[in-house]
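The structures considered in this document are given below.
One chain, subunit A, appears in both complexes that follow, with subunit B as partner in the first and subunit C in the second.
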Partner chain A sequence: MRRGEKNRTSQREGIAALQGTIMVFLLFSIVSDNFFTVYNISNVLKNSAVLFLVSIGITMAIVIGCNDISAGSVMSVSGIITALLLKNGFGLWTAIAAGLGTGILAGVLNGILIVWFQANFWVATFATYSIAQGAALVMSNGNGIAGFPGAFRFLGTGRLAGIYVIVYLAFFMGAGAWFLMKKTRFGEHIYAVGGSEEIARLCGLSVEKIKFGVFVLSGTLAGAAGILLAAKTNVAMPSGGAGYEFDAIAAAMIGGTSLEGGKGTIQGTAVGVFLITILRNGLTVLGISSVFHYLLIGLIIMGVIILDVTRTRVQERKKGGRRG
Partner chain B sequence: MESPQAVLEMKGIRKHFSENLVLKDVDFTLRAGEVHALLGANGAGKSTLMKIACGVLPYDRGQVYVRGKQVQFRSVTEARNAGLAMIHQELSLLKNRCVYENIFMGRELTKPGFPGLLDEKKMIEISRKILGEMGYELDPQRKTADLSVAWQQIVEIAKAVWKKADIIIMDEPTSSLTKQETSQLFQLIGRLKGEGCGIVYISHKIEELFQIADRITVLNQGKVCLEKEMSQVSKEELLYAMTGKHIYETRREKARTGEGILRVEGLGGKGFHNCSLSVRKGEIVSITGIVGAGRSELVSSIFGINKASEGKIFLLGEEVPLRHSPSYSIKKKLGLLPEDRKKQGLIMGMSVERNIVQAALNLLFPRGFISASAVSEQAGKYGRQALYQQEMEKLPEKLSGGNQQKVVLAKWLCTNCQILIFDEPTKGIDAAAREEIYRLMEELARQGKGILMVSSDQREVLQMSDRVYVMKQGTISRELKREEITEEKIISAEF
Partner chain C sequence: MKSTRRQKIFSYVPQVVMLWTLVLFLSVTEPAFLTKENLSNIFIGQVPFLLLLSLGMTISVIVRGLDLSIGSNMALSSCIAGLVMKQAGMLPGILSGLLTGCLLGMANGILIAKVRLPAFIATYGMDWIGKGLAYVLMMGTTAYGFSPAFRSLSLGSTAGIPHLLLICLTGFAVVCFLFSRTVFGWKVYAVGLNTQGAVCSGVEVDRILTGAYMLNGLLAGLTGLLYISQLDAVDPTIGEGWSMKLIAAVLIGGASMKGGRATMGHTLFGVLILAILTNGINLWGVSSLWQQVVTGCVILFSILLEQSSRLFRAYMEKRQWEQKEKKI
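Let's look at the complex of A and B:
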C-alpha cells in the first residue's frame, strides 16, 4: 500500500511532461498529413538521438547541483577533430577515439576547474565552452568539413532492421545511464551530493571525486554526440553543436530535473528530448518559420518553471500547515 | 569519577574561537549504558564540546579517549568508524531520498561480486529489520521528505544503530517533538541504553532530564561547574549551577519613556504564536529566551522578512498589514540590525559609504539619479558619529565586527528610523566594542528612539533593558518590568 504511494509520487513528476508530449504528438498527427509517417517518425527518432546523448550528461551535471554549458561547443570540437583525422586518412576507430578523447579532456578540464580550483561551475564550463569553440574554429579555419567514408556515415544514417543505428546507440546509452543513476553506488552519490553537499560530506562521501566523475562523463557524452552529429549530417561544422547545451538543459528541466540539484531522472530527460524534437520537427513539417520554434520552446520552458515553482510553494505551505 | 566502563572520556579539553576561550579545560566522562545529560546556558560550550568529540571541530589541548584508547579524530568518518554518532539538531538527512537510502548513505551494500552495484533488496530488508527491532513499523521506501520530524529523527537513530554506534550524542532531540513523540523517543533511548550504548543528551528542558538522564554535567562559560548523579540534584541546584554568581554594577539608568511606537498583538506565524509586546519612545526592550524559542522568527515577522499569519502590528500608532514587506517597514521608520551582519546586514563588496546610504536611496534620491557627493555627505553625517574617517573609506569586510555593526546602525539612522530592532547586537564582538555599541544604543534611546533587542546574552539583557520579554517554546512566557529583572527570574521563565 505504502510502496504503491511512493511509486506514484516519484512518477508523477515526469507524467505531466509525458502527457504534454503525447498531446503535442497527437496534435501534429491530426493537423498534418506528413507528420505521422514512417519516414518522419524515424526522422524524429534520429534527431532525438544526438540531443539525448548530450542531455544525459547535462542531466547528471544538473542533478549533482551544477550545470555544463560547455557541452555544445565540446560537440563541435570533437566533431571537427574526428572529421580532420578521417580526412587525413586515419582509421575509423582512431578518429572516433580521438573525438571521444577530446570530450574526456574537456570534462577533465571542467572537473579540474571546479574541484581543484573551486571555480563556480558556470564560470568554469563557460571557460571550457569558449576554449572548445575557439579550438574548433582554429582547427577548421572556420569552414565545415564534409564528405566522410561510408563506414563512418553508417553510424549516423545506417539502419538495422529498419531502425537507425544512431537510435540503437542512443537507446543503449540511455539505458546505461538509467542503470548508473538508479542502480549503482555512484548514481546514489550523485543524488546525495546534489541534495546537500554538506550532508553528503557528513555521511563520508568524497564530494570532489563524484563531481569530477560527473563532469568527465558529461564531456565524454558531448564528445560522442559531436561524432554522431557529424556522421548523421555528413559534415562537421565548427559551430555544429552550438545551442545543443540549452536544448539539453531545457529537456532536462521539462523532464522534471530540478536546477536546485538532487532531483531528476534519465527517463524524464528522454521525454523532454522527445517533446523538443517533436515540436521542432512538427513545426517544420507544418512549414512554420524557425523563429517560432524558439518562441514556442521558450514559452514551454517558462510554463515548466512556473509549474515547478508553484508546486514547491504548495508543498511548503502544506508542510508549514502541518507543523503549525 | 573514573570508571572502568567509560566509553568516552575527554580530559582537559581547551578550545578557543578567535580570541574567545570557549572551553576551559573541560573534563567529561560517558559510561556504557548511561544517559548523560549536558546542560548549560546558550554559549556555555555544550555543542562545541560534543563537536570536538565527533571530529567536527579541532581542539587546542586535552585528550580524548574512546573505550580507554586515546584517539584524535580528524574527520567525521574516523569518529564514526570508532562508534560515535551525533544526531544534530538540524537533522542530516537527504529529503529527496528514501528512508533506506539515508540509513545506508556512504556505506551502501553492494551485490557480492559486483562492486558499485547497489543491493537494494538487502538494504531495504535490513532497514526494515533495524527499524523493527527498534520497535517501529516504517516502510524503508518512503521518501524522507514525507515523514514528520519525529520519524526523521527515528531514521537518524536507525542510521546510528546500523553503523553499530555505541556512543550516541543527541543535540536537542525533542525541540520539535510533541509530548507523545517525546515519550516514544524516551522508550527508544531506554532500549539503546539497555544494549549498552552510552548516550549524551543535550537539552534545555530540565524536566525532561529528570525523566531520562542518569547523570548530568553542567557547563557554565566553558567550565564544568557540576557533575552529579541525576537523582541527587534539584532543579534549583541546576539553575544556580548554570548561572553562577555575577554582579552587575553598570546597569543603565532609568529611561524617560514616551508614547508607544511599536505594538504587536497576538502575532503568530511559523515558529511562534500568540505574541504580544510593545515598545515606547526612549525605551530599550529585550526579548530573551533559549535558542529555538522563536525570538528571531518573531522579530523578522515584525520587520516583514517572514510573513506572520495572525495578529496585529502597529507602527507609530498605525496598523500595518500582516503580509508587509521590509521596504514598507522602512517607510514606516522601522529598521532591523540582523544577527548575521555579514550575510544580511552589509554588502561586503561595496564601500562603507554606499552601504550606509543603501536603505535610504529612495528617500535621498527620489528621482532615481544618484549623486556621489550627496552620498558622501549623507554617509558622513550618520557614519561619523561612530566611525573614523579612515574606516569610512575601507570595504566593510576589512572592518572588525564591532565596526561592521556600527555601519549597519548608521545605515538605519540614515533612513531616519524611529524604531530599531537589534538581533543579537554584540554577537562575535569583542568587549571594548561591545561597550561602544551599548553607549550608542543608550544615546539613541535618549534621542527618543525605541529599541527592541533580541539577545541570548544574560549580561547584556540585565545591563541594558528597561523591560524584558522572555520567550519559551514559541510564545512570550513572561514580561519583566525594570525592577523585576533578575537573572533567576529570566532563567526560570526560560525553562
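Let's look at the complex of A and C:
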C-alpha cells in the first residue's frame, strides 16, 4: 500500500517535470524560428547525450544519499588523457580504455575516501575534484588539445540512420541504468541504502560495497562523458567539463530525485537533462549574448532547485498532517 | 569547546611542526627564501588576502558547510565597488562593495537556513550567479586608475607597517574576539556542534546561520576591495580558483568538517603553511600549473589524516571497552 502510494507520487512528479519541459520546448519553438528545425533538434539531442551520461552517475550517487561533485573535472581529465594518447599515436581503443580507466580511478578514490575513511562525501568528492582539475591542467599544459582521427570523431559526430551515434550510446546507457536501478538486486539495494543506511545495514546489506560500487559507476560514467565530449567538440579542454556536475545535479533534482536520498528515477533525470539542454540551447538560439548565460542559467537552475525542495517539503508536511 | 588550556596549546603542535619544518627546509635549500623581497611577497602579496578569506571559510566550516561562492563574491563586490567609486567617489564605493558582499552572504545564509539547501549546492549556485552578475556588469565597461587615497589602503604604510597587514591583522583580531568572547560567536559554535541542541536551548538558529554567512560575505567584500586597491583595476575573473585554496588552508589548519570545531587560530597556521608551500613551489621553479595539484593533494592529505586519527581513536576506545567487559 505504502509502496504503491510512493510510486504514484514520484510518477506525478515526473509528469510535472515533463509538462514543464514540453512547455519550454513549445515556448522556444514559437518565439524563435531557428529552434524547431531538424538541425537544431538533433543538436539538442547531441548535447543532452553527454549531460545525460554524467547525470546517470550523479543520480545514483544522490539516490544513495551522497553526491558527486567531482564528475565535471573527472570529465575534463579523462578527455585530456584520451586526447593525449590519440595525439601520440596510440590506438582508438587504448585511448578510450585509458579515459574510462581514469574515470574508474577517480571513482575508486572517492569510494576509498568515503567508505574506508568515512569522510564526508562533499569534502571527499571535492578533494577528487581539485586533484582531477589540477591533473587536467598539468597534463594539457593549460591548453586545449584539438584535432582527432576520424574514427574517434565518428563517436561524437557520426550518424546512423540520421541520428547521431552519441545519442544511441546515451540511450543504451540510459536503458542499462534504468534496468540496473529497477530490475536488479543492486538497484534495489541502492534505494534501500538511500532510504535509510541504518535499516539497510540492519537488514544485512553490505552498505560499504554498494556505496563503493555507486561511486565507481559514477566515475566511470563521468569518464565516458568526458571522452564523448572531446569527440563531439573535436577538442579536449582542461576545463571542458567544468559546470557539468552542477547541471547534472539540477537535472536529477528536476526529475524528482530528492537530495535526502532514496528517491529518484533514471527516466526523471532524462527529462531534467532535456529541460536544461533546451534552456541552454534556447538562450543561444534566441541570440542572447553569452555573457548573460552564466547568470541566467545560474538563476534558472537555482530557481528550479529551490522550487523542488520547497515543494517536497510542503508535500511532506501535508502527508504528516493527514497521518496526524 | 570545553578543552583545557593545555589541550588548546597542544592542538597546535602538528601545525607548528609542519610550519617550522617547511620554513627550515626552505631556508636551508633555497637562498632566495629568506630575502626581504620574497618575505614581503609572502606576507604582503599573499597572506592578507588568503587570511581574510580563510576566516570567512572557517566560519562556514564551523556551521558545517563549505562556501564555494567566496571567489565570485569577491569578484562581484569589487566590480560593483570599482564602478561606484568611478562615479561617486571613494566612500560610496567602499560602502557599496562591503554591502554587496554582505548581501550575497545573506542570500547564501537564507538559502541554507530557510530553504534548507545543503550548503554546497546553495553556495555553488551562488558562485555561478555572482560570477554571471560580475560578467554582465563589466560588459563593455572597465574601471581602472583609482584615487591615491584608495590605493594607499593596500600600498601605504603607517609607522613602517604596511596598511594591508594592519587591516588583515585587525580583521583577524576582531573575528577572533567575536568567536571566542561574544554571545554571537558561542551561538555560532553551538549551531555547528549540535543544531538540534541549539534549537532546544533557545538559539535562533536561522538568524545565527544567516548572520554567520553575512559575516563571511562581508569579509569577502573587504578582501575584494583590498585586492582592486592593489591591482588598480577591476576584473570579473579575479576570484577564480580561490575557494579551493581557502578550503585547503582551513583543512590543513586542522579544522574538522564535523562542524563547531574549527578555530581562527588554527586557520592562521593553515594560511601560513599554504602560503609558504606555494612560495616554495615557485622558488623550486615548478610550473604554476602544478599549484592546483598540490592544493588538491593538501586537501586529500588533510582528510586522510583527520579521518584516520578519528578511526584510530574510535578503535582504541572500542578495544578498551572490550577489555573492561572481559574483566567483568
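For the reader, a short list of remarks on this structure follows.
We take it that the second predicted complex is superposed on the first by the 279 of 324 C-alpha atoms of A that agree within 3 Å, B and C clash if a C-alpha of one lies under 4 Å from a C-alpha of the other, contacts with A are read in each partner's own complex, and residues count from 1 in each chain.
Criterion: a contact is a pair of C-beta atoms (placed from the backbone, for glycine too) under 8 Å apart; a residue touches a chain by one contact, two chains touch by 3 or more.
Bear in mind the structure is a predicted one, so any value in this text is a computation, not a measurement.
Comparing subunit B with subunit C, more residues of subunit A are touched by C. When the two structures are aligned on the shared chain, A:157 is found in touch with neither subunit B nor subunit C.
In the superposition on chain A, A:204 contacts subunit B only, with no contact to subunit C. Using the contact criterion defined above for the overlaid structures, shared-chain residue A:306 touches subunit C, although it does not reach subunit B. Of the two partner chains placed by the overlay, neither subunit B nor subunit C lies in contact with A:32.
Look at A:239: by the touch rule set out above, it reaches neither subunit B nor subunit C. Residue contacts after overlaying the shared chain place A:284 against neither subunit B nor subunit C. Using the contact criterion defined above for the overlaid structures, shared-chain residue A:183 touches subunit B, although it does not reach subunit C. Of all residues in subunit A, those touching subunit C in their complex are 67, 69, 113, 117-120, 122-124, 126-127, 129-135, 137-138, 141-142, 243, 246, 249, 259, 289, 291-299, 301-302, 305-306, 309-310, 313.
Subunit A contributes residues 2-3, 6, 9-10, 183-186, 188, 191-192, 195-196, 198-205, 262-263, 320, 322-324 to its touches with subunit B in the complex. Only residues 75-77, 80, 92-98, 101, 105-108, 110, 116-118, 120, 139, 141-143, 146, 148, 176, 268, 270, 273, 309 of subunit B touch subunit A when the two sit together in their complex. Residues 66, 111, 115-118, 120-121, 124-126, 128-129, 131-133, 135-136, 139, 244, 247-248, 251, 257, 287, 289-297, 299-300, 303-304, 307-308, 310-311 of subunit C touch subunit A in their complex.
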